[in-house]
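One structure, pasted below without further comment.
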């Protein structure tokens, strides 16, 4: 069995943003030498997501609006008890659950085995500080 | 390590529908000869989900109503910016995030290791065309 | 390849509760002897989730309130068709989709490879009976 383990550092200057991880994951799969296996890509922080969807800015705008409606930002301690701890990011912990922590992608013939529009993204819900994404590749 | 890779083609005649993948995944696990491992089952398209839940038509109806409330269909370019690109399926990209892209299921003693009511489904949110699901089996 | 397969039994006395699985998964990873691999942790029941987020009681309270708003409990057969079958737990099948069925976590140097605040939890949405979580470890 071959494996590759890599932590990617991100520092998103905004509170929220969608950042492509796609090329870097492709590069790591090539580097691993794995021909047949899987790659796990996960946020190492609990106010961020890794997800697969369309590389289209209009849709990314729509996610912003939609997630804000499902789980509105509210720094006050009245709506979210979590924000009584001195945090203001309870909404980020919810948005992340909707979008997911991780993706698992197949590797076939040494490449990411994806459909035509699948693109791997990081979604930051509470940025302005350094955070990590883990890439773990297993196979042969 | 043994592996099996298989793309399943689906062509759902409705815009939305829930389709069982269960028997086909069971069959592929048997075909793989893997006794101990995992199977990844994922949509290869970004307006569809693979999920595990109950094989009960009332619940499937409830998912339809619930997802439509969380992320309503609206082909107009006013609600969703994605639909300014000529698409009308922005809602499908959101519904898919709620239901998920993929499942990872354990294989033990050569069989899917599932609880009593777990059933693997494909959820089409923008059908009327051919789409694929990927089944990737790894183990020994 | 080394593997370890373990079913964990839980019996949550309330209808809903969040229960830590973290120490037990850590223990099983150590027991497996796997140095480099992955662990899959999934609910074996379709009205429960396994998820990774913060070990903070205020946030857990917020999840309760938030999920109840997204998918309210309603035992009557009028809101949810699933509850025409004699069940009263349709809401639980929806809450579970938001929070997810499973997590896949990397194992590196014989330990769970997690960020600083990542904590593995079971989320029961329809308790008061015995249920299972599956832990499947693969690697070398």
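By letter and in written order, the chains are A, B and C; residue numbering begins at 1 in each of them.
The rule is simple: a residue touches a chain if its C-beta (ideal position, glycine included) is under 8 Å from a C-beta of that chain, and two chains touch if they have at least 3 such contacts.
Quantities reported herein were computed from a predicted structural model and do not represent experimental measurements.
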Turn needed to bring chain B onto chain C - CA fit, degrees, nearest 5: 120
Proportion of interface numbers common to chain A and chain B (over half same, under half different): different
Length of the line joining the C-alpha centres of chain A and chain B, rounded to whole Å: 20
Junction residues of chain B - those touching two or more other chains: 1, 70, 98, 100, 104, 138
Chain B residues within the chain C interface of the complex: 1, 36-38, 51-54, 56-59, 61-63, 66, 70, 98-100, 103-106, 108, 113-118, 138-140
Complex contact set, residues of chain A against chain C: 1, 3, 5, 40, 42-46, 70-71, 80-85, 90, 93-94, 96-98, 100-102, 104, 131-132, 134, 136, 138
